[in-house]
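Read from first to last, the chains carry the letters A, B, C and D; within each, the first residue is number 1.
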């Protein structure tokens, strides 16, 4: 049994990680750190855990006692954590914030569909962003095949659930406003573009395609649904085959023959993809659960790979479906 | 044209009042006071008003220049307002908070279905609470007929929309939590029981019936749906006739022959009622829009009555229906 | 008072039209035809009308007795109706189906922002489709200024509410499936592209821009939210000024300085537009209510124009906001 | 490995059962019968299963080849099935319809919290209804302690999700209508009252308490939230202790110290209960997932018990939480 510690235990990604870890057969949870909730049972804070665990939030984090540390705090807090704390030798770290997604300080970018072999050997993982996961999974096979349009446009609109905005309540997550509402935010400037472009340029170095990314707030709690269009020389059959082939060894990434919908992925660690061709344009749709494949599920998948476990351990989840 | 001032202009009830007043043919809005939003166009704060008005929030309230003042601040603020401000003679006041619902200081309880004549002569109106409106409309005809069960139980469960909780975001109005969720709060202790019981005891002085009121948070933004059961000697036909008769002069309160649903009332000033008899039990269902008949619509209805206008002026609203 | 008849009275657009007409000061409703619902009160079928009207569905349509006929049946039924019925002289017709949107048989395409003068003189109006309205309003100013990209791409993704799919229940409007779900349908092939392209080519004859239109099913009942991106030589300020100028005489089409959201338009006849520039790309967002500006509201606006009334008569609607 | 067959494979309960069985370590699925979908991959019909299984619907059901049969057809179809098919000796049957909930023909009523020992020995299980599960779990400890009010009232209002109405689309499951809507149906007459009363009278034979049950359609897809009030001599502490004690051996039924919400139970097989005392009244709230503890999860729990497995096998589900 590997021993787990969690920093930033009161947020949404920590909650989802706990809902997963509790049923994972190869780990035990040593501490869940949250200074603001210290002493409180985690089931009082994290929906759905009542009756599943007696764990209590702690204001201590004894890094020496654990094998794997998950950093679930806000962006910027992970770097700060390592300024204030000494990392014991042998401790494996999975950071869910964006602090090390540039692979600085020895962190490996934890997108298994991109580099499972590097993850398997890593001590430190920078877990991808939620939009970044959906967009990269939509484009990896093309980039690998050097088929992104040189100089051209990659047009993406994607909707995210309210859990993507975090647990702290605000005007755009107020139920009265968000319910039945749709809006655009951070158009063309979303911070995940950095990690997406880094990956695509690594796979297809010459490409100067521009990703025109319009993120949208959806009126649902879980999920990302991304729509991508770009010029592509492949036929629909060729493109589908390219995607199928690329994701052959990816247990969670599924290419559908038929048009897809968001709830095919909700409450699973799956990414569901579908490819259509219309004229010159390739249309790629992608559905993930932002808290699972887009965050905590992928973090656990990375842990499994690092530990040499079957990638799906603890991640054979019943889809909520409805 | 009567001149209107609004205090507490940034909240939900003020927003709804503004959406109504803008199309009211007999009034003009002189000021909308909000110290925190002073200088900001009201359309930046109140959803749906873009292109309808150039009004700007003010940090001044010149009570001398207006005919009618709406107090839309939080509970307790209305009393405080009158401690700090002098009321000009001739100024009519409609208070949407609960500060004067006990009819203290000359305020008249503004439930037109109870006492339209008193409202017509009043200078100061205490506008009823949202749950209080739905529950009283469910029971007024029985209380008037002295048919509330002496010593018995009146069982009420009622769901409210998230706008009932106000504009300030919090844990139970976070979209991630509220979406698709149902919960109970303030069971048996909701503050609206005070005004409800006051009315019922006024109409049927001897009655000692207990209202067992279980309020629930619904996963919708607008509306209240109330389910009431109690022992009743009337047949279904007699009860329906009693309700029809009682509400004959009430232009917004409609008794339906058929089972009802919440959206029949949403975005209207109507209260929709339905009565069924099962064994000894009378079942009364009631649907209102908490921001309209449950707050700002009723406030405007009271204003119309006070000004001698047709009660429906400015309140012939298109239901949103969907 | 003009006399109105409605064919196809049981559908969503007829319901919305009735909710509007009932409060319109210059018209009376003579008949609402529905063979399947003949004899039934319309308030039993159309949500929100209880207590507002005693109208009953009829299986007769006496065209001689009316001034204006609204055709609210399914696509294809309007042509069929005129094969089976004689049109009295002087009868004005507004068709909400797509049968005459090619302006065949003397019908004028009823987009006031495009050709209010032609509508004013018309006897027969082909009311635009809902997506077609949102997309044309997003592009009209550019097309008029001959600024659509020659040979280039116009990328559009747009979400529609479930009422766009009509009253007949089916798999993709089942609440269990649709709730919290997002999906793509008719990508690149939506039938509204025909009328959109016809308009754009009329305004900017040389242009061969391709509209890459990806329609999406949203998990809300009312509204369309459209996101358009295209290459544009104008700066953000120039583009905003172009849109403001173009829509100066359009009482319902509002250009916002700030990013918009869907509910700014819901339950109103407004179209809310916003323009941003990012690099070479112009981003245009547009929000309408699919049943109002996208259907019955625009039909009524067309009627007002035809009758020489103020365009906003009967259309000063309180936004639902929440 | 036990071999499983499913009849009525295209409905919601069969879909949920399949989502569970696919990850159950001790069973294999031999056939999923659906005459209307024969030949179709089940992942095309049941949301969330893409990439999880290659199972295809069959029009054959070879009862000789299986150990356990789940009957997932509509009410009335189970009796009909046995009129038309011979039951092989040794075949265990779990019926999710209401056909044998009266324990006729040797069926045992499959509520583990009531009679786990009888279920363990049974060959035929009649799986309880969804409302029946929530209401019985709310009342079992009191009935066992003979504390239901003699001659008194048990007042219950409970909301159900749209999946409770089945996969066939209709007016009250149309998204346009159901979204943000609340309504009452089958007040005082719901068919589940039969099985509820049967259980309560078995545990507390003398009692003649009347259950005044008002079922409501909720605007969510999954879940039941039930509110029960009744006269009770116990204090809040005593009542809580009674419930805790009664459910000590029930791994899925959890008594909460704090007020509960529906989503604590969604996508789990848990029943979450909370007890409050106000004056003479005991308030019991209960949340379950109607498709899990209210149907297919409980069916699987019954199967586990029948097979002598740990009751939780295949049912340690990650809550969806949001």
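By our rule, contacts are C-beta pairs under 8 Å (C-beta built on N, C-alpha and C of every residue); 3 or more make two chains touch, one makes a residue touch a chain.
Here the structure is a predicted model, which means the values were calculated and not measured.
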item	value
Steps in the shortest chain-to-chain touch route ending at chain C and beginning at chain A	1
Reference chain B; chain at largest CA-centroid distance	A
Whole-Å separation of chain centres (CA-atom averages), chain A against chain B	45
Rounded Å distance, chain A centre to chain D centre (Cα mean)	34
In chain C, residues with contacts to at least two other chains	12, 47, 161-163, 176-177, 179-180, 219-222, 260-261, 263, 266, 322
Chain contact graph, described as a line, ring, star, complete graph or other shape	complete
Interfacial residue positions of chain B with respect to chain D in the complex	153, 155, 157, 159, 176-177, 179-185, 187-189, 210, 212, 214, 216, 218-223, 225, 227, 229, 259-263, 266, 276, 278-279, 281, 283, 285, 287, 322
Touching residues (chain side chain C, partner chain D) in the complex	12, 47, 161-163, 167, 169-171, 173-180, 219-221
Residues of chain C defined as touching chain B within the complex	12, 15-16, 19-20, 23, 44, 46-51, 161-163, 179-180, 221-222, 252, 254, 256, 258, 260-261, 263-264, 266-268, 270, 272, 291, 316-322
